[in-house]
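There are structures below to look over.
Look for subunit A in each of the two complexes below; its partner is subunit B in the first and subunit C in the second.
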Partner chain A sequence: MPTTNQEIKRVARQLFASSRAYVTPFYNRVASKQEMKSLFADRSPLLGGAVLISAPMGTGKTFFIDQMAALLGLEGRAKPLLVGEVDERDLQQAKGEVLFVDEGDIKTTWADLDRGIALIGQHLRNSQRVSLILGDYTLRNPNLLRHLPKHRFLQTFEPLDRPFLQGVLQQRIREYLKRRPEEIIEPALYDILVPDGAAHVNSFRAILTFLESLVRTLPGDRQPCWLTVELAKRYVQDSFDPTLTTDRQENFLNRFLDYLAEHHPRGADLEQGFDQAEMLLIGGPAGYGDWAEFREEIIDPFGLQGLLLSRGIPGLDADGRFVRWPGPYYPSLMLTLMAEG
Partner chain B sequence: MSKAEENRAEKNLVFWRSLVGLDPEFPTLPPIPDRELSSLMVLDPGQIEELRASLGSHQLTQVVVEPGWGCTSLFRYMLGEARDRAMERLLLPISIDLERLFGKDPITLDGFEEEIKRQMIGLLVDNPWEQSLNRDYYFECIHFEYATDLPSYKSRMRAFLFDRPPAFRKLPIQFPWLKGSLPDLLNYLLRNFRIQTALYFHFPRDVLPQPLRDLVRSIKASHERGGVEFAALREVYFCTPLQKVEIERDFQRPFNALRYPRYTAAQIYAMLLKRYTPNVPGFRGRNQVGLDAVFAERFVQDAWRGAAALGEVAERVKTAMLQRLDCAEADVPFLLEPTPASSPPATAAPAVTPPRKKFERKSRMD
Partner chain C sequence: MLGLTNTSIPEAWRGHLLFALLTDAENINDRLFKRQAIEKLLRAPELRDQGLSRDDILLRVEEFGGLRPRNRLWELLASIPLLEEREGRYCLRATLPLTAFPAAGRRLPKSLGAVAWTLAEIDGLFFPVVDTLWTVRNLGEAIYKGYGWLLWTADHARDPANQLEAMPAFWQCQGGEDAPLGFVRAITGIGDALGALADSHYFPHSIERAKNAPGPALDSLLRWLLACRAEPDAPPGWDEAARNWHRGGFWPFDDQPEAVYPTVDATWDAVLALGSVHDQYDRLATSYGPFHCPRSAVGEALLDGIEFLLRTQLPAGGWGIYRYPGDQPPVPAHEFTTGQTLLALRLVLLSEVFEERERPELRAAVEAALRRAWAFLRERAVNFQGRQVWLPFFGDRVEDYASRDILRASVWTGAGLLALYRGLPDLRGAIAPRLADLLDLANIHWEPDYRRIAEFEFRVPLDERLHDNFGKWSNRYDVTLAIFLLDLFNEGRSGDGGLPVEFGPGLWRRLERTIGEILREQHPEHGHWNEPVAGMPLAAATAMAMQVLQHYLIAARHLIG
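Showing the complex of A and B:
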């Protein structure tokens, strides 16, 4: 029997939860678990150094560490250390062999990131403990890594692709509806939610939040739940409301959407993302010729509004500005769906 | 208007205000004191019901108000209402108002959680919860021992908490219950009392993005330390469209975003009516008359068209009043109406920024 709208709406909060408000079952990350186990089986090479998990926000890094906490002997979870707030006293007082530090990402100013990582590096050298640091791609910036002479990245942290998302949803349907799961998402919608080429910028939190919002628009009836591209497009068209301050921005957005529709339908073939030159090429007919101007009017405001995703490594530019959204760029889920309209 | 004309108009404005018995602040709309919010706020009952419904249904709520259109007053009204009804609703409303909290200090996880704990204990002490809650558990929270007298204990604790608010480190000494982690306290209130905690967030219109990011980081870290039962905590954000984006970008969650519309000209005139009552000097004291007897609604209607913010409406009203009062004192009327020339023609384009239009997909033209 297919899963009905009524059933899905009833459990939507649990089904699409992406925070610890609900204890959701863990799924996948088999390779990451294995790598962590191997890494921490013999900690001696790690002593005085850091293991970094660097992946976009909302990809389940903290949730993953929760699963590994017992294995790693993490005791600091009651009061997490945050890269942007950490001080020497916190580091001294943190319990356990492994020092767990979270939120090394673009929410924090560059100055605080730099100060925090430097303090952690100093502490590790002195204490010969091991640190596990989580953050987005900012953690890959060499100017931060220089503070951590002994560091290594978790290599296998699985990106969010279609089988991963499908598996998570199937498992949760089984868990919360106590039944054999039926597919609730049209295959074509999966193409847009988790485009193969954008696996490295896909975010669980963004997709699950989107799906929960979409499910809210369904009638609470006994019809089979079937989340389609059409439904998602209608939802986006109703709710898409970016703040655009100039006609040129609006013009660019229209051109960008047309370009996506024509060359990357449903987010296809975007493995490399858009580099600076390609973005300017699309922006040219809208009146943009200069990168500095384009960055100020398009890249920053669009990044700020979550319309553009970035796979680059954030860091300081030549003028000392913290560039939070460096290329290559990817359209957000909302833009990909708007392009379909 | 020349300096001399301006002086004449200003002088006439003072003369007219005294003639009709209006306060010197007229026609400005300064912030309403807390105690008068419920009587002076002009609200759309339908909109307010929608906000209450969203909060009541336990959704993460964003109340989105265009900058300059009364977000702060609306926040204070909703918070005040929640505080007045805390016992009836079994809801502790905590105010996270960046206009008043943290000052120039960066927002940290500790600071954020300490502020919540401080307000939790304040609300527990300041309301007669002993009338409705299990006394053993309640007294444990407020650290009251039966041997003493409850009213005088609460009075002392009110003085301790509110007269000169102590540094947070002193609070767990007085109230050991606060030594628990925030998730433990929130869960304690829910499990033992069925009390939920609601965080009411508000930000200054011109807040920089970084304090918002710091706050989002604290909220996220607080959630991710885990263990808060879903029903134990609610969140509502009073914000501008750009603040909304900042709040949800780096910690995406399924918010129910409610757009609170700009006030209409009629609502703004109603605000003036509620706040200003002409007191015309008379033979037997003063006679109160309606504002409409001395001041035409058309001033507001004209000023409202295309105004970018509530404050700008008041400024434009005043400018139009001065235009009208640029005359000999003998010609100052009792019932002030705009000069015909000051009224824009009905078809005129908005003078200032029009309300933000929603993006509509159009194919490129070339």
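Showing the complex of A and C:
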């Protein structure tokens, strides 16, 4: 028997949970678990250094570490320190063999990132403890890494692709509806939710939040639940309402949507993303001739609002400005769906 | 001749004028942004102390800055003359003169040149104290609406057309009728609703005047609660030892998902509700209709539940979410679990169930458990600013915690302490000073903020160890404090005089402000209160809010004298 709208609406909160507010079962990351086990089986080479997990925000890094807590000796009240707020006293008082630090990411100012990582590096040198640091691609910036005496990245943090998302949803349907999972998402919608080419920028938080919002629009009836591209398009057209501040921004948005519709329907063929030159090429006719201006009006605000995704390594530019969204760029789920309209 | 007008700003206009000046902008979007930004700036403690950099400030406001470029965001912030620069960092001005606003104009009359607002006035404008004007009738109506909602949820869950096995934890309120969220039953949904409804007769307002007939709901809730027992629903793999260990425990189901054993928290919740029903069984049955479950079965389940709680008391004397046989692995005691278990065990001491079921030795065992718990609390108390307090997970390093966490942990523990005070008269002399310490602590450190959450974090028991992940229940911090403080006040006024509690006007103002917030939060038609994080209607939040209102009505009687 297919899963009904009424059933999915009832369990939407659990089914599409993407924060620690609800304990959901863990899925996948078998290779990452194995790599962590191997790394921490003999800690001696790690002493005085850091293991870094660097992946976009909302991809389940903290959830993953929760799963590995026992292995890492993070049992009990293992609340991570935050890169942007850490001070020497915190580091001295942190318990356990492994120093757990989170939020090495663009939500923090560069000055605080630099200060925090430097403090951690110094503490590791003196204490010969091991640190586990989570963050986005900012952690890959050599100017931060130079503060860490020894560091290595977790290599196998599985990107969010279609089988991963499908598996998570099926597991949760089985868990919360106590039944054999029936597919509730049209294959074509999967193509847009988790385009193959953008697996490295896809985030659970963005996709699951979107699906929860989409499910809210369904009637609470006993019709089979079937989430389609059409339904998603309608939802986005009804709800996408960015407050644009200049005519140029509006012009650019329209041109970018046209460009996506024509060249990358349903987010296809975007493996390389858009580089700076391509973005400026689309922005030129909208009135942008200068990258600094374009970045100020388009890249940064669009990046901040999650409309543009970035796969580059954030860092300081030649003028000492923190570039939080360096190329290559990818359109967000909302933009991809808007382009479909 | 030039006509001169005596220009001054009437007191009542000062706030309006300031708001208009602060949020002045070219368009409505920018006005709305400035409104949000001002709130954010006023809430940043760093801006009242060491200051923040431009980048720090931008990071805090850009989340609601939409697609505005950063330089535009800064332009808007700069046009709010709340901030002043000090060596590259920005702080809030102590006073804000009218002349700081360009809109004040260059032809400002001299009489207005000295007009200024203090930071306290600005705070008052953006965070107004909730109106605390209400009547006893308002409180009564709110309580009846709350009971009405609990009864409605039970009736909804009973209706076979709604395909629910019992009461779920959460509901959704999206216009029209509320709808259940999830299919899985939850101990808080069932236990809290049954406890609140049955307990109503101990308070000024009971379910007697509720619109829905309470009988069928009470009957169903009791049946559902008994079906949450571990023993009749034991997994097939349990051997005799496992059955014996878990006998009397209750499954939390959706409240602590993934728990493979019954938990202490599910069981104290059930024991509270069962005790209340058992002791009033005849009265409830006569008033609202018969129960299908006989009183003797309620008594047996209650005694089994008590035995489970006694069995899971940790060797040191507190309670954690669960206790593994042989304490392998050991489980830490938790202040919330310990406080609530003590409350449940003390209340059953008032019951005649032990004598009726011919188990007088169990009464003695409960009393012994309470005494062991007191020894534990005494041992785990730590000194904080000259007072004895308790820390999260009964830790011992005061410096690891913020004062608000210490207050929360102490108040959770305090609920159990007050139960011990009531249940063990010979220890009152020793316990009273500790309760006075908690009152002092609240007086000094409680700053009401209705949005603040008191999170109960737990790790559910898996086969061989606790889960690695923390789950959490979220209550309102202020509501948690108000229940404890009002209960303490009422005990002080109605008890034997050994608990001298004096509430100053400042504390009453904070309590009444909280009551104002509670009244404001209640859904005007449905009558429910919400889980604070996700904002979903919830039986636990509804029961807690009603408890505050009922305690306050009792307190009001004492105040009248």
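Just so it is clear, the second predicted complex is superposed on the first by the 336 of 341 C-alpha atoms of A that agree within 3 Å, B and C clash if a C-alpha of one lies under 4 Å from a C-alpha of the other, contacts with A are read in each partner's own complex, and residues count from 1 in each chain.
Please note the rule applied: a residue touches a chain if its C-beta (ideal position, glycine included) is under 8 Å from a C-beta of that chain, and two chains touch if they have at least 3 such contacts.
A quick note: this is a predicted structure, and the numbers were derived from the prediction, not measured.
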item	value
Combined model on subunit A where subunit B meets subunit C, clash or fit	clash
Which of subunit B and subunit C A:Gln67 touches, first, second, both or neither	second
Partner chain(s) touched by A:Glu97 [first = subunit B, second = subunit C, both, neither]	neither
First, second, both or neither for A:Leu244, with subunit B first and subunit C second	both
Which superposed partner A:Asp161 touches (first subunit B, second subunit C, both, neither)	neither
Partner chain in contact with A:Glu182 - subunit B first, subunit C second, else both or neither	neither
Touching partner for A:Thr109 - first (subunit B), second (subunit C), both, neither	both
Which superposed partner A:Asp191 touches (first subunit B, second subunit C, both, neither)	neither
Touched partner set for A:Gly58, first subunit B, second subunit C, both or neither	first
Contacts of A:Leu304 with subunit B and subunit C, given as first, second, both or neither	both
Shared contact residues on subunit A - subunit B and subunit C	13, 20-22, 66, 77, 107-109, 216, 242-244, 304-305
Of subunit A, residues touching subunit C in the complex	7, 9-14, 20-23, 25, 63, 66-70, 75-77, 93, 107-112, 176-178, 216, 220, 242-245, 249, 296-297, 300-302, 304-305, 307, 322
Subunit A contact footprint on subunit C (complex, rising order)	29, 53, 55-56, 59, 62-63, 65-72, 170, 174, 179-184, 257-258, 332, 392-393, 397, 399-400, 457, 460, 465, 467-472, 474, 533-534, 536
Sites on subunit B touched by subunit A in the complex	106, 108-110, 181, 209-210, 213-214, 216-217, 220-221, 223-230, 241-242, 245-246, 248-254, 356, 358-359, 361-364, 366
Subunit B-touching residues of subunit A, taken from the complex the two chains share	13, 16, 18-22, 57-58, 62, 66, 77-80, 82, 84-85, 102-103, 105-109, 203, 205-206, 209, 212-213, 216, 237, 240-244, 250-251, 253-255, 257-258, 285, 304-306, 338, 341
